[in-house]
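Shared between the two complexes below is chain A, which pairs with chain B and chain C, respectively.
Here is the complex of A and B:
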């Protein structure tokens, strides 16, 4: 009788099969929870930019305030990317002939924007208002990291929904006085006590909403 | 040998008469176990009849239509369906509930009738269970696609994710996910465990290398030793016990999708038992719809006898009456509650814009099954086939009536809106039938449609106290020389044990 029975060596595979069967659901959960997360996929995103502009030089060494360029951040939802004219405020005087600034000068002459690559992208279906955050004690550094130390800007935080919610559920430790809002080196966890931070919650009337429609309008 | 002529199994024999003190035969015209093996296995071993190819072509064509409809839906969005505000559930959930309901007969036959020692279940349990699995696959399709963005269908499950977002644990929609997936898993395991000995039989009879390896792989090295049989029986009993509560729980949970909401016409406590009765009703109708052509085409009339069909028709009659009772009780409560909206919902069902759907439902589910009071009708193949089709239609319309009439006319007349299906709705509905048909036809072609080993146990020859001992021995001794050498001298097919001393 010719019939297919499993050869004896397959018995050794049986425990493996059981282990695989038991761990497969866990693996799926792991892949979804960890693999699909922006923490894994997005953090560290550092596109190359058309101009070798260094935040580390301008915001770090020269100590320029974030708001000099991103000037709408306190009054609008969107933190403006500066027009070429903002660069040329200084660069008509400084490094006038630097080859690094060729695209900037070209843009200035032609009136066409410099095609900066956007690093911090939020999807269309999520609403975010910069002014609501920076006017009420959430510093730039909380979401963008130490931009003053970055030669080329990368994405420092995942900007995932769970990450947003973490802060909306308990914002206390992420708050600082508005006076320190663009001071990226200043750390409220060492400079302030928890009680002081809690007083900021009252002072700024922080009552972050967790409704779907807060961000998905 | 002369009994295994080619016409065997193609002629109806009447075994529906009740003789006091005697159990009616459930296997007709066969006295050897090997003949049963042959009757069932020849379906897959011989080329299928022309009708199979025709049915398969139609089914696979409908699957293509389903593919088109679903692809269009996925690329465009649920707007391609006729859904509107307030009718946000219509054909999708109607089809879902319909298919989940169909499955229930398989579980009832395989689990509850097993525990109640109803021996006639053995003739029909295998393909009723297969039907269950295929129906649940069709059912599972609809919640998957009605979420719109199918790539997020995994949100149905509570999996930790970057959004820190969880399903609403207080919602019956999540309970439904658990109920249906548990149901599918248990049904699949139950079906597969039952298949193992028969797959081994198929393996041993197979002549092609591919078949030998395929059947051999899935029969998990079954050799038919006493130890195998012992463990098999224990596993089967345990699975039957596990599956039994599911018969009642799954459709109860499905009914909660409606009953837990506040909508008039949905918010009723009668829903769980009413849905379960309806599910068994529709499931048995589907078993009859499938069994009638299957036994005709594949010559299984000696194994799925008139008595089996008669019994199923009795269950259809009983559950049909239960469903009818539920319909009338809904109306009674609508009146007795004094709730204006409830009363309106039911009057609107029967006499509103969807009156025709309501009366199709009542005619097919309550009125026509009453014909099954007559034995002549219960045992008439053409009539029962037509009546079972009516029940299928009626039960589809029942879900449509419940879902659409309640949503289209809720509390506020300003938000009323009628539902009109689009071609995509209709294509998806028929496509699901095509998917079901395709899976079922493939099952008929490649797997034993009848539980060979279990059917044998219902024969008088299998009874150790069988009065005619010499006949039994006679049958057994002939069996070894019979047919393809497929030995079945005892209750179970005899498998040669490779560890036996002769090797």
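Here is the complex of A and C:
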């Protein structure tokens, strides 16, 4: 019985195998970390909406304040999607025959909700509070991006736990005066010095907790 | 080395570039499909969040409106001065006792006015906010009003008929609207509506003042 002998060319494979053995785990780690990251999976979610409502027009060109519609944001945990009445404050008169507004008019007549698609979803075990943030100098733009330039709203930031903690560990650079809270074009990094932002930490008594129970109950 | 092995190594090397390329593309493009959830943990629980859906009800709303005729504690609305701007059967001419006239209140009123009123009435209250400008442009379109737009010039708060109104009437207009203006009673809390009414008075004073009403030490700046 003859012994099996590896052919001579397999010797060339040995260094290749060593290289593959060293790079393959790194490659897998890279693909998983990069591919499963919330920045890949969550950012960029842009559901189609029942009405082609343009934030770029209303909040951008018209310059309407975010709180005209999302009026609960300063007093409640939840920044409410406005009732159809808010749309009809103007649209009983302006563009009142527009085909784009058919679902709005139907909702106004029937009293049924417009089925807006929710863009910014958090896990059900996290209890984010809008009022706690916007009343203490965290602007809308920090989490929602330049909504005033979006025709259709997309998810601009990952809203993952690590991303929340980045700011909770050092909020200084994310703070602005409360008077600029809905001004999406205003950037505290160019408009204020680091010292001025540090003074906001004291002014607003900002002590962001990293306790589990801060966000999870 | 056999050709087959060489090709296999080259092809697997090229294939290994595919996942990073796909991931880079996913990162760079918006996606209308719900995000892929690798680990569900307890992200989706059988509970109702604000403004969520509940198919059990005909209107699909999980949040239920109060039963008709229900009165919540502290919401009897018996204080007509505070809730309606009516005192002794007439428009109240003073602020209600719950909302004392302070500098903070006027600043609050300014901020609220700038959110809810300026789109039509403008920052100076003269009635030429950006929505008013836009609506007039739509109405006066050469080929006819765009999408059936109708518009009446927004009222100036400096109009003689508004200046003579008691503050309670201005509060009532904010709450219930008037003519083509919608009511903001459900959109703005009652205290903020009083703050706005007080700020409307500030605008009226400031835009219709005479030089001798300016404090002596500020007149040089005029």
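Throughout what follows, the second predicted complex is superposed on the first by the 204 of 217 C-alpha atoms of A that agree within 3 Å, B and C clash if a C-alpha of one lies under 4 Å from a C-alpha of the other, contacts with A are read in each partner's own complex, and residues count from 1 in each chain.
The criterion applied here is as follows: contacts are C-beta pairs under 8 Å (C-beta built on N, C-alpha and C of every residue); 3 or more make two chains touch, one makes a residue touch a chain.
The structure presented is a predicted model; accordingly, all values stated were derived computationally and were not measured.
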{"item": "Contacts of A:48 with chain B and chain C, given as first, second, both or neither", "value": "second"}
{"item": "Partner chain(s) touched by A:214 [first = chain B, second = chain C, both, neither]", "value": "neither"}
{"item": "Touched partner set for A:3, first chain B, second chain C, both or neither", "value": "first"}
{"item": "Partner, of chain C and chain B, that touches more residues belonging to chain A", "value": "C"}
{"item": "First, second, both or neither for A:39, with chain B first and chain C second", "value": "both"}
{"item": "First (chain B), second (chain C), both or neither touched by A:63", "value": "second"}
{"item": "Contacts of A:29 with chain B and chain C, given as first, second, both or neither", "value": "first"}
{"item": "Touching both chain C and chain B, counted on chain A across the two superposed complexes", "value": "36, 39"}
{"item": "In the complex with chain A, residue positions of chain B that touch it", "value": "154, 159-165, 203-204, 212-213, 215-217, 220-221, 223, 496, 498"}
{"item": "Complex contacts: residues of chain C adjacent to chain A", "value": "1-2, 5, 9, 16, 19-20, 23, 26-27, 29-38, 41-45, 47, 49-51, 59-61, 111, 114-116, 119, 130-131, 134-135, 138, 146-151, 180, 182, 184, 186-189"}
{"item": "Of chain A, residues touching chain C in the complex", "value": "9, 12-13, 16, 27, 30-31, 34-36, 39-48, 62-65, 67-68, 71, 75-78, 80-81, 83, 85-86, 88-90, 92-98, 111-113, 123-125, 154-155, 179"}
{"item": "Interface residues, chain A side, partner chain B - complex", "value": "1-6, 28-29, 32-33, 36-39, 158, 160-163, 165-166"}
